[in-house]
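The following pair of complexes shares a single chain, chain A, combined with chain B in the former and chain C in the latter.
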Partner chain A sequence: MKPAYEKPVIKKLHNGLMNKFGYSPAYARKVRTDIDGVPVADLVEKFGSPLFVYSERILRQKYRQMHTAFSTRYPNVVFGWSYKTNYLNAICALMHQQGSIAEVVSGMEYEKARALGVPGENIIFNGPHKAQAALETAVREGAMINVDHLDEIYALERVAQKLGRQLHVGLRLNLDAGVYPQWSRFGFNLESGQALEAAKRMKYGGKLVLSGLHCHLGTFIMDAGAYARQVEKMVAFGCELEKAFGYSIEYLDIGGGFPSKSRLKGVYLPPEVALPAIDEYAEAIAQALTKALRPGDFPKLILESGRALVDEAGFLITTITATKRLPDGTRAYVADAGVNLLFTANWFKFNIEMDREVGGVNEQSVIYGPLCMNIDVVDESVLLPPLSCGMRLTVSPVGAYNHTQSLQFIEYRPASVLIGERGEVDLIREAEDLADITRRERMPKRFAQEEVG
Partner chain B sequence: MHKLSRLAINEEGFVFNPTTGDSFQVSETGLVILGKLRDGHSDEAIAQALAEKYEVSLEDAQRDVADFRASLKNLNLI
Partner chain C sequence: MKAHLKAFFCSYADVFFLPAVSLGVIIFTLTLVYPAMALAGIIAVAAAYGFARLVRMEKQFLESGYYTYNPLLVGLSLGYLFQFSALTAFFIACAGVMTFLVTVFLSNVFLTYLRLPILSLPFVVVSSVAYLASARYSDLAVRLHADTAILTTDFGMPFWLSGFFKAFGAVLFMPSVVVGVVLSVVVLRHSRVQFLLALLGYYTGAAIRALMVGSAALAFADLNNFNFIFIAMAVGGVFLIPSRTSYLLALIAVAVSTMLMDAATGFWYYYGIPVFTLPFNVVTLGMLYVLALMRHPMVVTSMGRTPEETLEIHLANRLRYPGQERTLFLPFAGKWTVWQGFDGQWTHKGSWRYAYDFVITDEQGKMHGGEGVRLDDYYCFNKPALSPVRGRVAQIVDDLPDSPIGGADAANNWGNVVIIEDPRGFFVELSHFAEKTVRVKKGEWVERGTVLGLCGNSGYSPQPHIHVQIQSAEAIGAASLPFSFVSYAEGGEFHSNNLPQEQHKVEPLYRDKRLDNITNFVLDDELHYHVLRDGKEAGDLKLKVKMASDGSFYFESPRGQLYFGKHEGTFYFYRVTGEDKWLRLLFLALPRMPLAYREKLTWHDYVPAGLVISGLRGAVVGFLSSLCPRLATVKVTQTFVSESRIATLVAVGVLHQRRCASVELDRQKGFAAVTVDDVTLRRVSHEP
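For the complex of A and B:
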C-alpha cells in the first residue's frame, strides 16, 4: 500500500519576530464531519452545495436559555421574534411554537407573519416605512404599532379618523445609553425633547393613545450596562408621560441587539471571552427595572431578540472548487458560496471547519466566493492546511441575517434544511433555478428571438 | 536551477539559503519535489513519480507540482 499523500508546502521560517496575535499551531485546525449527528457529506449529496443548515436543537436550546434568563428575573416577559433576522417559514414557525410573538418591520414581513397564522394582536409592527395600506391593515387586525416619525403619527390619525375610534400605539425612542455611534435615525430623540413633543402632538390630536415605549439601541451590543441605562431612561420617560398626559404605559419594548457567539472583525479576544453571557444582560435589565419601576408595577417587557437566538443555529456548507496561488505567494481558494450568501462576512470572521483531517503545514490563506467580483471574499486571512478541490467547509455561525440578505446575484440561491431534534432532515427551502430569477420578467415583443434551427 | 543547487537541504525538510540567510521548512512531498527539481527532472516526470510513490492521482500531483513551483518562485528560490 502506498503511503498517504500530503500536499507539498514550503514555508519561510521567521525567527525572533514578536507577534502579539500568535499563530494557530498545527493541531488547532478545525474539523467538522457532521452537524447534529448528520454527516456533512450526506447533506451535500442529498441537497447539494452550497447548503444552509439549521439546527432545531440549538434554536430551541437558545430560546429556552434566553427566556429562562429573563422570565426568572422579571414576571412579565414577551419575546418578539425578529423576522428580518431570518424569516424562513420553518424558523419563524419554530419560534412561534416556542412562544414568541412576531416582530416585523415592513408590509412584506407583516404579510408573512399573518400567512403563518400569527394573529394581528401578536404582531409588533416596527420600522421607518409602513405604507398607509399596511398600517391600516395592521390597525384593523390589532397589531402593536411603534411609531417611528411624525408623518406616521399623521398617517395613523388618518386611519383613526377612517375607523372612527382611538388607536393605541407605541412610540419609538432613540436615546443615549452610552452606545456609540448612537442609532438616532429611528424614532424620536429623548434627550432633545423630540419624544415629549411627539407625545404632546398625539395628545393634542386626540386620536392616538400612547400605551407603549420602544427603543432599540443597536446591534451586537457588548455592554450589558447599556441596556440598564436604556431601561432607566424609558421608565423615567413613561412616568413623565403619565404625569403630563395621563397616558398609562403598558409595555416597554427594549428591542434586541444581543450578540451571538460570533467574532467581530478586529476584536482580538474570542467571543466566548469578549461577550457577556445572556444572564448578565438579563440581570442588568431586571435590576434596572426593579429599581426604576414603582413597587408592584410590572409593565410588559418585550424583547426583540433575533441574532442571539438563531445565529449559532445556522451553518453554511460550501465546497472548494479551485485552488490558486496569488502573485504574492498567498494560498487562495475559490468556494461555491461567497458574499452572495454570507452578507455578514463584511463584519464577522466566521468559524471555518474542514470536512476531514488534512496533513500539511497551516498557511495563511484567503477564501474567495464564486462571484466574478473583487469584493467576494469570505475570509481574507485564515490559517488552513493545503486543501483540495471538492473538500467541504462548514461556515458558522451564519443563522442571522445571511439567508434574509442573500442575493439572487450571479448564482442561484441554494437549498436550506433543518435538522430536527431526532436527527431528521427536512428541506425547508428548495434551491432556486432559472424560473425563480426570470418569473417576474416580461419580454417586449420586439425583442423576442426566433428559435434557431 | 542554479539557485536550487546552492540550497542546503537536510532530510528532515530544513532548507537553508546561504545566499540570503533565509531558512525554510518543507513538507515530505515538497522535499521529494525539491530533490527532483535539483536533479533536473521535468514537472511532468515529478508528478508521475509522486503519483507512483503516494496515494494521489496524477492530476492532483500535476496541480501540486505547479503550485509548489509557484511557491519556490515567490520565495525567490528558482
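For the complex of A and C:
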C-alpha cells in the first residue's frame, strides 16, 4: 500500500546516547499481539473497538497471591471485594467464587450484590451515604454496617427501635498514620476523641452493639509502615472500647488502598521499583497486629482491596482513528477511547502497547480520545514510532475504576470480555447502543405528536 | 428419705448390673415372697448404713452400689438360712456392719492397687464367715422351708429349662421357676444383651459340667449355676463393650469357671458352706485385671445404664472423638500442605516416627515459584511459624545458617529449633527456622498462635519446611510421642481432633470471636423456646445453664440435662440425660460446631443411635449392633450455609433413614431457631 503523504518536519535525534535502563528511547518498542494467548486482532474483530478485556488468569493469580500473603501471616483473614473498583457481574462473581465477601458503599451496590446472590451477612456496607431504606434492608438481611457519622447512629437506632432488637455495627475511624492527605472526611476521628464519643453515644443509646472497627487510609498507599501504624492504633482503640464498654471487637476492617503495578504520573521510578511487594504490606500488618493484640486473640481481619486485585487484569484495546501533526511539530493521534473510558488517565501513566512491530524512530506523541473536549487526553507524552490509522493500542493496567467510572458522554460504552483460564473468551457486557441511552427518557406528549407527524 | 429409698432399691437392681429404681422395686417385691428374708436384707443394709453414719461415710454409702448390695446379699443369705428372731436380727445386723467394713477395706485395696471393682467379694467373705460361725450357734434356728406349691412347681418344664430359671432365682436365694421367670422377663425388658448373655452363660457352663460330671440332670439343676449367668453378664456386657469379642471372652470365662466352681464347691462343702458368688468374683476379676493391664480397647470406660447404652455411647464416642489427648494446633497460619506425616517415607522413622512436615504449595501442587533453586522461590520460606500450644519456651537455637536448596546440614539435623514445654506434661519441638528469625526467648510464655519465628531451611532439610513433633524430654532430638491436631480444615472439612493425610492441604482454624461470643453460655443464662410442629404450637422449652459437680456445664430443662462445652476450637453437646425429647432434638441438630467460620465448611459427627431409633426397632438394633457395629452408626453431616446458619443431615446408614435439620444462630447468644424435620424450636425474642 502506498504510504500516506505527510508534511515533512525536522526532528533532532539523540544518537547513541543510552539511558541508564540500557535501552535507547529512540527505538524502544512495546508490542502486544495478544492477551492471554488470544490475538488482539481477533478480539477486536469479534467484539469491536474499543474493548475492555479482563484476564481471569491474572485475577485469580492476584487473588491467590494476596490471600496467601495475608492468610499465611495472620490466621483469620477475610477479603471483601470492593464493588466500586469494578462491579461487572462476572468480575464480582469470580471474586466471590474465590472466597471474597462483598464490600459496597451505596444502596445501588448493595442491591447489585444481593442480585448476584450474595447473602446479606456476606456484605459489608460502608460509605458516607446510606439512605434510611437501604440501611433498614441491610440490617434486616444481617449485613455488616460500618457507621460513618453521628446521623447514621441515629438512623440505625431508629431501625433498632423498629425491629425491637439490638444491632451489631462497626465504627469507621479516620486516623493519622503518617499518610498525606489524611482522609478525615470519612468516619470518626480517632485522635481528637470523636470516635470514643461516638462509641459512648452508642453505649448510652443501648440499641447498638459495637462489634468491629473500620478504617481506610486512602488509596494507592505506597508505605507499608502506614498500615502498621493504622493497625496499631485500631487495636489499641479496640482494647480501650472492650475495657471501657465491655464490647467485643470481633473484626478489624483495615480497608484497602494497596497499589497495583501502575505508574503514577510524576513518579520517576517504574512501579516494580517504586512500590513495595504485597508481601511487605502483609508482613508489616501481621507483625503490627500480632504485636498489638493479646496473645492468642485473633479478631477477624478484613481487607477491602480492589485495585491491587483487578487493575492489572484489565486491558483496554483502542484503535487509532486519525494521525495528526500539531503546530509545534508534536505527533498526535486520535484514538476511539479517551477519558470517557479511562477515568484514571488523570493520575496514571498507562502502559501503551502496539499491536505490531513498526519501523522508524520514536517520537514524543500525544494520544487524544474521541471526545470533542480539550481535556480528553489519554497520554500527553508517549514515545511512539509513526503509527497509522487502524492500528490497535492496548492500554493497561485499567481494571480498576475505569469501567465503573466510565461515561456515556457522546459515545456508547464498549463491550467487556473475560478471557478464561483455558483461553475461552466470554462476553461479560455487551456494547451499548442507542436504546441504552434513551431507554429511560420519556417524551412529553405534545412533542411526540409532532414527531409522528 | 428419697435418696435413701432410691439407694436401697437400686441395690436390688445393681445385683443384675441394671441400675434402675423401678427394676429394684420389682425385685424387692419378689423377695417379699419370703418376708423374713426380705426383712433380713433390710436389716443388713440398715445396719451397714447406720454404721456408715457413725463413721461419717453415709455419703459414700449412698453413692456407691457396692456399699448397699453387698450387705443386702449378706442379709438375704442369712435370712434364707435362719428363722427370724431377735437373735437372728442381731446376728444379721452384725454381719451387715462387718460387710461394710470389709467393703471399705477391699474396695480401697482393689481400687488403689489393682484398679478393679470389688463386685460381690465382700458378700462372699462375710457370708462365708457368718455361715462358718453359725455352725456353732445352736440358738440360731435354721429355717424350715415350707414353700407354697407355686414356688416349687416346675410347670412340667424339662430340667434344662427349669434349671435356668431356678439358677436365675437363686441369685436372690429363691431357686424357684416362678421367681426366675419374673426376673428373666424383667432383665429381658431392660436389656436384650444382658438376657442373652445370661442364657449363653448358663447353657455353656451347665453343658460343660454335664460332660464333666456325667449327669446332665445334675449339672443343669445345680443352683450354683447362677455364677455362669453372672460371669457372662459381667464379662460380656458390663465391663466389656458388648461385641463379638466380649461374647467370646464371656464364653471362655464361663468355661474356665466350671473348674473353679467344682473345686471350690468341694472345698467349701467340707465346711458346710455354699460357694456363693466366689467363682464369679474370681474369674471376672482375673479376666478384667488382665484386659485392663493390656489396655484392651473393649474395656468399658464410660458405662451406660444397660450394655446397649454402653455400646451406643462407645460406638458414638469412638467415631466422635478420634485423635489423641496430646494435641497441637497446626503450627502456622493459612493453607499449608502435609509433606510428611507419621511413619513418613523420608525421615519420620524409628524414634522420630511421630512428626509432621509442612510446606506451602500452589494450585499446581508446586512448592515454589520461579525455578526453585533459591530459598525465596519457596512459598513457605520466611512465613511465620506459630506456637501450636500454650507453654513455656524451654530451648531455642537460631544461629545455624539456612542450607542451600538440595543441601542439608547433617551435623545439626534439627537446625534452628524452638522447644516449648507444655504444662500438660510434654515438650513440643519445631525445627528448621530461618537463621536469626526466632522471635521468642528461653523462659518466655507463649500462647497458641504466638509467632515463634520464620520458616527456613536450617538443619537436615533439603528445602524450606516446618517440622513439628511432641517429645517426652526437653533434649533436641529426643524420641517423639504420638499426638494429633485440633481445630483445622482439610479440604473444606473441619476436624476437631485428628491427623491430616499426606499431600492434603490443611488450615488451622483459630477461635473466631463472633462464634465464641455466641456460644459463651454463662451460669443461670436462660433460653426460652416455643416448640412448633408443622407451624403449630406444640410445647415450650425453658433452658437454664447449670454446672455439674465435676465442673461440666449443662442446659437444664424440667425433664433433662444437655451437657455442653467448648474444647480446643469446637463447641460440643456431649450427651443428653433424662427424658426431654426437645433436648434430644437440640443435641441431634447440633452435636458440635467449629468455633471458626469458613464458607461452606463441612463437618461430621456421630451421635448415639438412641437419639433417632427407639422402641422395638431400637431394641433390635441395639442388640444387633453388638455383633455388627455399623448398624448403630448415626452420622451427622453439617455445613455452614452462612455465618449464622447451619444445615444438618442425619443419616442412619443401615436403615436408610435420613433426617434434615437446621440451626440458626442468634446474633447475640445461642440459637435463634432449631428445626428437625417438621419440628421447630423458636427462640422467644428477648428485649434489647
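Operating definition for what follows: the second predicted complex is superposed on the first by the 424 of 453 C-alpha atoms of A that agree within 3 Å, B and C clash if a C-alpha of one lies under 4 Å from a C-alpha of the other, contacts with A are read in each partner's own complex, and residues count from 1 in each chain.
By our rule, a contact is a pair of C-beta atoms (placed from the backbone, for glycine too) under 8 Å apart; a residue touches a chain by one contact, two chains touch by 3 or more.
The structure presented is a predicted model; accordingly, all values stated were derived computationally and were not measured.
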| query | Touching A:Thr323, do we find chain B (first), chain C (second), both, or neither? | reply | first
| request: Could you say whether A:Gly420 touches chain B, chain C, both of them, or neither, answering first, second, both or neither? | output: neither
| Is A:Pro128 in contact with chain B, with chain C, with both, or with neither (first, second, both, neither)? | neither
| said: Contact-wise, after the overlay, does A:Tyr5 reach chain B, chain C, both or neither (first, second, both, neither)? | reply: first
| Which partner does A:Gly48 reach: the first (chain B), the second (chain C), both, or neither? | neither
| request: Have a look and say if chain B or chain C is in touch with more residues of chain A. | output: C
| request: Considering only the touch criterion stated at the top, classify A:Gly225 as touching first (chain B), second (chain C), both, or neither. | output: neither
| Is there a shared patch on chain A that both chain B and chain C touch, and which residues make it up? | none
| How about chain B: which of its residues touch chain A in the complex? | 15, 22-30, 32-34, 50, 53-56, 60, 63-65, 67-68, 70-72, 74-75, 77
| List of chain A residues in touch with chain B within their complex | 1-13, 15, 323, 325, 327-329, 360-361, 386, 388
| task | Show which residues of chain A lie in contact with chain C when the two form their complex. | result | 64, 68, 71-77, 99, 119, 121-122, 142, 160, 164-166, 168, 206-207, 209, 211, 248-251, 286-287, 290, 295-300
| message | Quick check: in the complex, which residue numbers of chain C touch chain A? | response | 332-336, 360, 362-363, 379-380, 383-384, 386, 390, 446-451, 507-514, 517, 596, 599, 642-644, 667-668, 685, 687-688
